[in-house]
Amino acid sequence: MLFFRFTAIVFAVLFFINSSFLNQIYSAENTVDECFESRENTSLLYREKIESGKDNVKCSEKTGAVLWYGDPFWNTADMADGKINKKVKRVMRPRGDSLMYMPCSSCHDGVTVPFPDGNEPRELTFHQEVFQENLEMTHGRGRIWCLDCHTPANRETLIGNFGKKISFDKSYELCGRCHGSTYKDWEDGIHGKRIGMWNEQEKKRWWNCTECHDPHSVQVNAFAPLEPEAAPVKPEGLSEH
Amino acid sequence: MYKKETKESVDNAERRDFFKKVGLGGVKAVAGAAALFTGSNEAEAAVSWARWFQKNFRLMTEEEKDKAISYLEKKYSEKFEKQMDVDKSPAMEDVLFGYALNIQTCIGCRRCVKACAEENNQSRHDPEIEWIRVLQMEKGNFSIENKGEAVSGNTLNVGEYAHKNAGVTLEGEHYYEPEKVPEKDFFYFPVQCMQCENPPCVKVCPIQATWREPDGIVVIDYDWCFGCRMCMSACPYGARHFNWGKPNLPKENVNPDTHYLGNRPRTNGVMEKCTFCIQRVREGRYPACLEACPVGARKFGNLLDPESEIRKILENKRVFRSKVELNTYPKFFYYID
Amino acid sequence: MKKADERKKGFIKDLTLYILKGGKGYYSLLIFLSLVIMLWFFGLYHQFSKGLIVTNLTDQVNWGLYLSNFTFLVGVAAGAVTIVFPSYVYHHKQLKEVAVVGEMLAIAAVVMCLLFVIVHLGRPDRLLHIIPGIGVFNFPASMLAWDVLVLNGYLILNLVCAFYYLYKKYKGEEVKKSFFMPIVYIAIVWALSIHTVTAFLYNTMPARAAWNHSILPIKFISTAFASGPAILIITFLIIRKKTKLKIGDEAIDMLSQIFVWCLGIGLFLMFSEIVTAFYHTTEHAYGLKYLISGLHGYSKLVPWYWVSTIFMTFSFIFLLFPSLRKNHKLLPIACVLSIIGIWIEKGLAFVLPGFFPTSLGEVVEYSPSLVEITISSGNWAVGLFLFVILVKGSIGILTKEVTA
């Protein structure tokens, strides 16, 4: 009978042990402040609070990549146009401010740096980081050179069809001159990243080509392999075989 | 006679004592278990009786839904110390959601998996629940070094490659974590709920806790499900997940914008799965996995709108679906460029 | 009116008093079972407070020890028909005298099944959700809904059959055939249905290739009609030895004949499965491959499979010889071996291969945790406890020690 009393006491003790010790709060406040959207060192942005107290983005603790957008249209500007689909409500992140050497005309004014004759590949005294190997640009594998895309007399614009000038913010129009089928897919929303509203008539943030593909060294930096996020936790019973 | 009676009465007394103790212990055990079960956590201790009789969401009137929702908002706001919203928006008219994933482009970075966890309030550990699973598929290993013993003689399969697997391992690798992705000899295949039009999971649920909504999303009523896991076994895509223990969701990571049938915080012992981010798509926004993908491999839209990107993909790209022979009619398409 | 009520109260009171009387052996068995039940309460507390994370179940293998035992026990419950059928349809006199013991086995087995389902659920507190009227009953689409219906119906049928019969015997009257016989016939057909529906629960899921074949209901029923009689044979041999109830040799012989032929059919079906699966091994056969020789290096279940197959084959061959069948010293050995064999073959060695590989090609092993083993043992102890006291009561009435 003593055994039964003992068991009853054991039970009583156990009933008062709450199971809450198991719910250790796994503190995982998002602490990453500088994140990138596509690949590292491009499309950087900073985490901050927006209206309604939400974060503008949530980033990965492991890689620093942006995982989640609180406001998909944060820091974007209206870019609606497009001959193909006039109804599109397109916003994009303006490029101008993030370009390193802007304004280009501070050097390329015809005086400090003269406007060149012709478009032959030659040794450069500046902008060497654009090239992988001497006199051969990776983009096009040696078949194109600077002034095939950049307006000789106004380096803040790019060369468009009909002789029109394209601003850096709309550089996709230039890419589309050669990469037509990709450009059509991009306009349809099939190529590349778009966030925002799913209805075709609603507002979306589009990604400019150059936000993912480096226009000078496309094959090298265009979606070079990057660090993946963590694998799922292995279940018990899965051993190394 | 007398001795026997005394022994008998002593035996009887011992038996009564024994049964009393067992009975008392049993009652204590049951009561204790019940108490712990219903009220072990601070905020959950205030369970109102009405909650026990809450109906299946599909059968509730609007007033009942509102009542359930206001209770949930109060409970969640207390627990997570921020204002939580629980939505009940119905399906939109003339909308049938479809999803497409470009396996030519997918690099296997798993940002979609983690974004989904952030958006949908998934348990972070014990158990770790992830609604998307990315498989790493081998491209095929046809190297001369792989030849085996030559099979020869009086047999119909001869040569060094007889009875080998023609270079490909059929099952995908789940737990890859290399330094960089994509790795050279692999491609990637993310899997999540296919939102089938003929869902096997809906058919087997004994209490209709899961059903297909008019806009094509298969949903679960987390307050109705009792965790029998029939649906988990019936799903051919491994898309359904179970809360084995109390979900561990730190309050810093909670997403306060929720839907009753979507990403509101779940409890112990119920099923959950991808809902195409029902809380976002019914407000017109893209799902979280799509927005996270850095290469734009994921596409989504209304299958009934001929101008949508998903329809353009179905028309112009080479599209296939997973396990079609099972006649589940999934609405999650894979395509290559 | 008053007399009938008093009689009914008398029935229950007399039965209870008789059940409480017993010798050392009886009480030590009950005390042992009670100790296991105490551990059971502890296990239940653990599981109900923390959830199913205390088991070793995972997303990859999400049905385990509980449903394995459930499947086996539904078979045992259905196996009770092997005593009812010959008794009432073929008027086997000696079996008819003890048919009520079979019904008690069915009752205890169904109670255990219900317990196993309850502990398998993630939220057993929501059990009311399945009751038609209060909850939502997904009938006829969901096989589990069918199973709930047939199992509970079978429990009620057996309770009515057994206790009506005992009550009439207690009063010294004959059963009213117009009431009793239809219920018995329904119970016979119903017994087949419970195990068929349980088989349909498994084999109607194309996602689980190892389960998705049409021989499953036949295999289930044949092994059920082997395990049920085996348990009853052992029970009868114990009853013969320890109590005053007389059980004829012919009763035991009939049961052992049913046992051996049904075991034979089961073995033949297993053989057929193996040939079909391995002539050209597709991925659908990987579950069976896991059992027979392991898969991708995982082989925890291989020894269990071979033990089960060898035990069943040996029992079958052994029992083919009438002289061995009638040897009541060797017969229980064959019974025990095949009960163990069938418990493995219809239990873990059936449920687990359904998850090998998973829908996404993973191979994850499972072996029950201590909590699962504690709770399962406790469920068995509850069932055995119930069976023992019900049989004790029945014996009291059958031997006319308990009368009005």
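Think of it as A, B and C in the order they're written, each chain with its own count starting at 1.
By definition in this document, a residue touches a chain if its C-beta (ideal position, glycine included) is under 8 Å from a C-beta of that chain, and two chains touch if they have at least 3 such contacts.
None of these values were measured; they are calculated from a predicted model.
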Measuring from the mean of all protein Cα atoms shown, which chain centre lies nearest? B
Per the definition at the top, count C-beta pairs in contact and tell me whether A-B or A-C has more. A-B
Taking each chain's mean CA coordinate, chain B and chain C are separated, in whole Å, by 33
Determine the centre-to-centre distance between chain A and chain B, using the mean Cα coordinates as centres, and give it in whole Å. 29
Could you grab the centroid distance between chain A and chain C? Build each centroid from C-alpha atoms only and quote it in angstrom. 61
What positions in chain A touch 2 or more of the other chains? 7, 11, 14-15, 19, 22, 238
Residues in chain B with touches to at least two other chains are numbered 18, 22, 25, 29, 32, 36, 40, 126, 133, 174, 245-246
Touching two or more other chains - residues of chain C: 38, 41-42, 45, 49-50, 58-60, 362
Complex contact set, residues of chain C against chain B: 20, 31, 34, 37-38, 41-42, 44-45, 48-53, 55, 57-60, 62-63, 117, 120-127, 129-130, 135-138, 141-145, 148, 201, 204-208, 283, 354, 357-362
The residues of chain B that touch chain A in their complex are 17-18, 21-22, 24-25, 28-29, 32, 36, 40-41, 107-111, 113-115, 118-119, 124-126, 128, 130, 133, 174-183, 245-246, 248, 250-253, 281, 284-286, 288, 290-296, 299-302, 305, 307-309, 312-313, 316-317, 337
Chain B - residues contacting chain C, complex: 15, 18, 22, 25-26, 29-30, 32-33, 36-38, 40, 56, 59, 126-127, 133, 135, 170-172, 174, 191, 200, 203-209, 224-230, 232-238, 241-246, 267-271, 326
Contact footprint of chain B on chain A as seen in their complex: 1, 4-5, 7-8, 11-12, 14-15, 18-20, 22-23, 25-30, 37-39, 58, 60, 65-69, 72, 185, 188-202, 207, 212, 223-234, 238
Applying the document's contact rule, which stretches of chain C touch chain A when the two form their complex? 38, 41-42, 45, 49-50, 56, 58-61, 296-298, 362-367
